[in-house]
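Here come two complexes built around subunit A, the first alongside subunit B, the second alongside subunit C.
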Partner chain A sequence: METVTVTMKTQPVLFLEADNISPDAFAGKTAADIASLHAYEGREQTTLGKYFDVSGDAGATAADTRIVVKGDVSRVKYIGMKMSAGEVVIEKDADMYVGAWMQGGKLIAKGSVDAFAGIGMKGGELLIEGNAGNYLGAAYRGDWRGMQGGLIRVKGNAGSDIAYFMNGGTIIVEGDVDVHVATHAEGGRVIIKGNAKSKVGGQMVEGEIVVFGGIDVMMPGFKFVKDEELEIDGTTAKFSLFHGDLGERHPKRKGQIVYGKLYQKI
Partner chain B sequence: MTKTVSDVICPFCGTLCDDLEVVVSDDGKTIVDVYNACAIGAAKFMHAQAKDRVKRPRMQQADGSYKEVSYDEAVEYTAQMFAKAKKPLMYGWSSTSCEAQSVGHEIAEKAGAIVDNTATVCHGTTLIAVQDVGIPSCTLGEVKNRADRIVFWGCNPTHAHPRHQSRYSIFPRGFFMNKGHKSRKVVVVDPRVTDTAKMADIHFQVEQGRDYELLSALRVAVRNEKLPDVVAGIPKEKIYEAAEILKSGRFGIIFFGMGVTQTLSKNHNIDEAIMLTKDLNEFTKFSIMAMRGHYNVTGSGQVLGWQFGYPFCVDLSRGFARYNPGETTSNDLLRRGEVDAVFVLGSDPGAHFPISSVKKISQLPSVCVDPHITPTSEVSKLHVPVAFVGVEVGGNCYRMDNVPIDARKVVDPPEGVLTDHEFLTRVNKRLGELMGAA
Partner chain C sequence: MTTEYIIKNGFVFDPVQGIKGDKADVAVKDGKIVKSTEVSSKAKVIDAAGKTVMAGAVEIHAHIAGPKVNEGRNYRPEDKLFTYTPKKKGSRMAGGFSIPTTFKTGYEYAKMGYTTCMEAAMPPLFARHVHEEIKDTPIIDEGAYPVFGNNWFVMEYLKNGEIENAAAYVAWLLNSTKGYAVKVVNPGGTEAWGWGLNCLTVNDPVPYFDITPAEIMTGLMKTNEYLGLPHSMHVHQNSLGNPGNYTVTLDSLKLAEGIKAKNTFGRETVLHSTHIQFHSYGGDNWGNFESKSKEVMDYVNRQKNITVDTGCVTLDETTTMTADGPFEHHLTELNHLKWANVDVELETAAGIVPYVYSPDIKVCEIQWAIGLEIALMTKDPMRTFITTDHPNAGPFIRYPRIFSWLMSAEARRDRIESFKHSAKMVEATHLAGMDREISLYELAQMTRAGPAKSLGLASVYGGLAPGMDADVAVYNFNPEKSYKPAEIEKAFSAAAFVMKTGTPVVIDGEIVSNGNKRTIWVNAKVNENPQVMRDIKEKFLKYYSVTQGNYDVTKHFLSGNPRVIEVDATT
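== the complex of A and B ==
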């Protein structure tokens, strides 16, 4: 695997849209080719080379390419957007849309990321070592397909509206989350190791939410079913199972109504 | 001898009353009196007569004082600002005509701007929810003639849309509603005992920020599923009772306002309310409608919608339309420092935005187009006074139920004062020259 290092040298005055920082766009290119790839600052079309020092050539394919993003990229959006293979490592905090519409490969953000990380994600692995913003693994506006596959793991906390319209894949948040978890979900699994606030699983049709900590206010449409012992992400413990959201439509399968499942650790 | 202009449209709130009578002086230059309007609407007409009205553009000087400039200079400054900016914000649009909005959008396309209207701090969340789940709605005429179940959720029309209840929602005798308010049941959901709540048959004093739970509970009740004993501070018996009342009507309507769109859960509240409406349609006819604030904020959404496909916060910086509330909404852009020029027309962010956003406006090249002196005009580099739409110039406007109504001109604007449309057309022409040359 070949490694390309991009290091921030000139900060944008506004924000930089750098959707070309992805193994798919870099594949088969030399450092000079990569520096001439497009980036946008407002309505101005510029090049990555104006803002970044690029060193190292990319591999022949996306899968053979590893990108290391160095320096302060807190004003750079869309890093790793639509990546399908390979690896991206962001060493400091990044702005919005990290790993948005990601399809494969691995993206490691060592700092925190802003909102819309991993929206519409289809596959691959997104690891965020700091905190994540709002709309983590959610649907893009108006889309009824949120996260559909892959894995997102956040070591810190996450914001509100995570897993909005989720219908596949897994999100693990090791810290706390803000309001609205898996609203409108039709599948997938969200694991929260810390606490949740309220509106957990509102309008949920199918899918699973596991909360290790407390939930400030339960949605009125969740009914207690039974206690169960489960092994979740390496931890075996007893959980209370709730079915919901009873206010929402639910499909029938094999004569049984399918509900969204909310597990809370006892 | 004075003369009376009848059937005047009121350019204040989204109710867009169309039965005003305005008495003008013999020479047709001054408004003497306004009939049929509410206090706010009448004040808008009378305010246009103010003797101390600003009649020429004003440029802010380094010491904070103002220097009068010509419209030519104002057009030049505005066009230059757009030509130099990488990502200008064009905010407002709710208190002007659709014709002016359309010219503004031409400028936005040339300048690669972001066009955002007041929905961003108002019913923008409603628009997100509508995009997510659709909306079963109707016109205000249907409400007047048919509705026997009226829900006001998080809104206070008695003060914000003063003639809404008498013209459409509670009191009027309609075709199938010949007993007026006696044949209607009114439910108000509001944490405060407002003047609207005082007229209700049922008032739910919901806990603040728990509208989403209460809406969800109503959906559970409509489906006859089990509820916890108390939801959002309301006992479950009351919720089941309210669900029964809603189900038993012939035609119901939910009106909602800022109390749900801009409190905790925002778009999810509306999403859930729309889904409740959809559920109630299993039992009876039910509709839902946003209580839009400015008289033509609906029109701004309509014009943006047919031109770019999105109803607010449209980002044209990359030459095609993008939209994502949370990123391309005015306050996020200003707070995060994503824009480098601000153009405000037909709105007053200075009075309504958080101070962090207003500070940014004051630091950037900025133009405020507004007939009045407002907090925004005071922080902007250039203030361009224009004629009042609906008073001094006509134009198309959309009522809160998406019905287009042509506003009428009643009197002439002060001599030499341009309309929004004229000013924008001149800026557009000049910008075309500048961008073509660049």
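== the complex of A and C ==
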């Protein structure tokens, strides 16, 4: 695997849209080719080389390419967008849309990321060592196809509206989350090791939410079913199972109505 | 500025003059087609050698302007995602897929060689919005059909058999909304839905009004011919999209029997049945769902005073939108996707639901086949037109792909073979056994001369005879050479040259001018009718939430370049 290092040298005046920082766009290119890939600052089309020092050539394919992003990229959006393979490491905080529509490979953000990380994600692994913003692993505005596959793990806290319209895959938040979790979900699994606030599983059709800590206000559309012992992400404990959202439609499979499942640790 | 052109040596297909691919020149002077001898030696030469030349195409039914199109844009940001192109020399920023921006609508039609388009359903109350969008859609000439099939005035007059009063009201509304034709959507059913009901046959009475869909359609056909409007009544029948609905379709079409066209526009038909693919279904559930295109087209071929358009399914993700409010509710119950709905007081309603026509779903595969069967079963291409009911069965930008399926049995075979349920699809349809390939001449009939004639616009659009508007499309397609289906799609997606009223608007598939678009509307004069005028005044006072002063489409809302079709129905 070849490593390309991109290091912020000149901060953009506006925010920089850099969806070309991905193994797929870099694959088969030299450092000079990569520096000439386009980016947008506001409405102006510009190049990555205007903002970043690029060193190292990429591998022949995305899978053979590792990208290390150094420096302050807190005003850079779309890092790792639509990546299908390879690896991206962001050493400091990044702005919105990190790993958006990601399909494969591994993306590690060592700092925190802003909103919309991993939206519409189909596969791969997104690891956020700091905090994540709102709409983590959610659907794009208006879309009913949210996260469909892959794994997102956040070591810190996450914001509101995570897993909005989730259809598949797994999101693990090791800290706390803000309001609205897995709204409209029709699949997938969200694990919250810390506390949740309210609107957990609103309009949920299918899928699973697991909360280790407290839930400030439970949705009225969830009904207690039973207590169960489960092993979740390496922890074996007893959980209360709730079915919901009872205000929403639910499909029938093998004669059984399928509900969204909400587990809360006892 | 050049006003003279001569398009030389192309293979010309023009049903108006009966030219079937002969090498010929098309001369243009001051925005009109003229005889080649009438242009001077200064005429700019466009070399069309080895290329196909046709008149600009005419779209008879698409939802491209107005409140429901715009609500589709509003509530589907995901339809725009990754589709925007920045402004270029000749064009503005444009985007959207199934519900493109007004600019993209004009550009994409023009690139395919379409120069005239009809917005298929204008809610009269929101006519101002429709015209504001038409004004903002570049290049193409546009008209809009106001909807009448659930209108309180119409139902009241027709219930009492008052054709003359219905005609006075229709004339008033066409003038007030700057409309083009009488459109009918799910006659009576949309009003019934306000009562939680629907009209699923032509004999289901509308609650309160106590009139049937059959009476509404017959009455509006008579009203249309009383006025002598350029287009016939244009109908989206009851029970759209339901298995077994072909009997309702036949019942509706039969209403045209015995009604004669009466107009001065050369139109011979009295009923246009739109997106008939959605109305040609057999079976009684989605499991035994099957094609009844043969039963429907056998009737259409026999009954000479009706025209149809196909409503071909393109197998894309799209946005359905119709004034058939109950249908959209039915659809959202089926696919569970987001639903927008509005009631338009006294007049109509509308609903919107996204829909994915998947090649992995048997029903969608069958729908795809039925749309193509309609076109391939026609015995009169001058009465059968190609549409996608944009965006309902698919976006209009897929026309070139539909042409390739219609013009190539190989293209259809390839598509059928790659379906997930191809064996079941073949069993439920006729398509696999059909080897007809639509010729370029027939294509020109189905997309140019035919729709223009049905619209009563055959003297200006859809042909290349001297005196007609200089709307001309030149395609990189040599009919004398053998070709692959993909080449048809490519050639018709990006015309080599398109001219609109004498102005070049597309060169080598790129927009070069925003043209000189016009709004087409019908000004019908009737005898003074104090009763109808009093009824209108009273309805505004009693029921409408707006005053008449805030209803009429005044000049400010119209594009600056109207083409007014005058109709005199005074006696």
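Keep this in mind: the second predicted complex is superposed on the first by the 266 of 266 C-alpha atoms of A that agree within 3 Å, B and C clash if a C-alpha of one lies under 4 Å from a C-alpha of the other, contacts with A are read in each partner's own complex, and residues count from 1 in each chain.
What we mean here is this: a residue touches a chain if its C-beta (ideal position, glycine included) is under 8 Å from a C-beta of that chain, and two chains touch if they have at least 3 such contacts.
All figures in this text were calculated on a predicted structure; none of them were measured in a lab.
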Legend entry - subunit B versus subunit C as contact partner of A:Lys226, first or second or both or neither: neither
Inset, instruction - Classify the contacts of A:Arg253 with the two partner chains as first (subunit B alone), second (subunit C alone), both, or neither. - result: neither
Inset, instruction - Examine A:Tyr140 and indicate which partner it touches, taking first as subunit B and second as subunit C; both and neither are also allowed. - result: both
Legend entry - Per-residue touch tally on subunit A - higher for subunit B or for subunit C: B
Legend entry - Residues of subunit A contacting subunit B in one complex and subunit C in the other: 140-142, 144
Legend entry - Touching residues (chain side subunit A, partner subunit C) in the complex: 140-144, 249
Legend entry - In the complex with subunit A, residue positions of subunit C that touch it: 75-79, 81, 336-338, 354
Inset, instruction - Over in the complex, which subunit B residues touch subunit A? Could you list them? - result: 85-87, 111-112, 128, 131-132, 210, 212-213, 216-220, 222-223, 225-228, 231, 264-265, 268, 271-272, 275, 279, 317-319, 323-327, 336-340
Legend entry - Of all residues in subunit A, those that touch subunit B in their complex: 13-15, 17, 40-44, 96, 115-116, 134-135, 140-142, 144, 165, 179-180, 183-184, 198-199, 202-203, 217-221, 223, 245-248
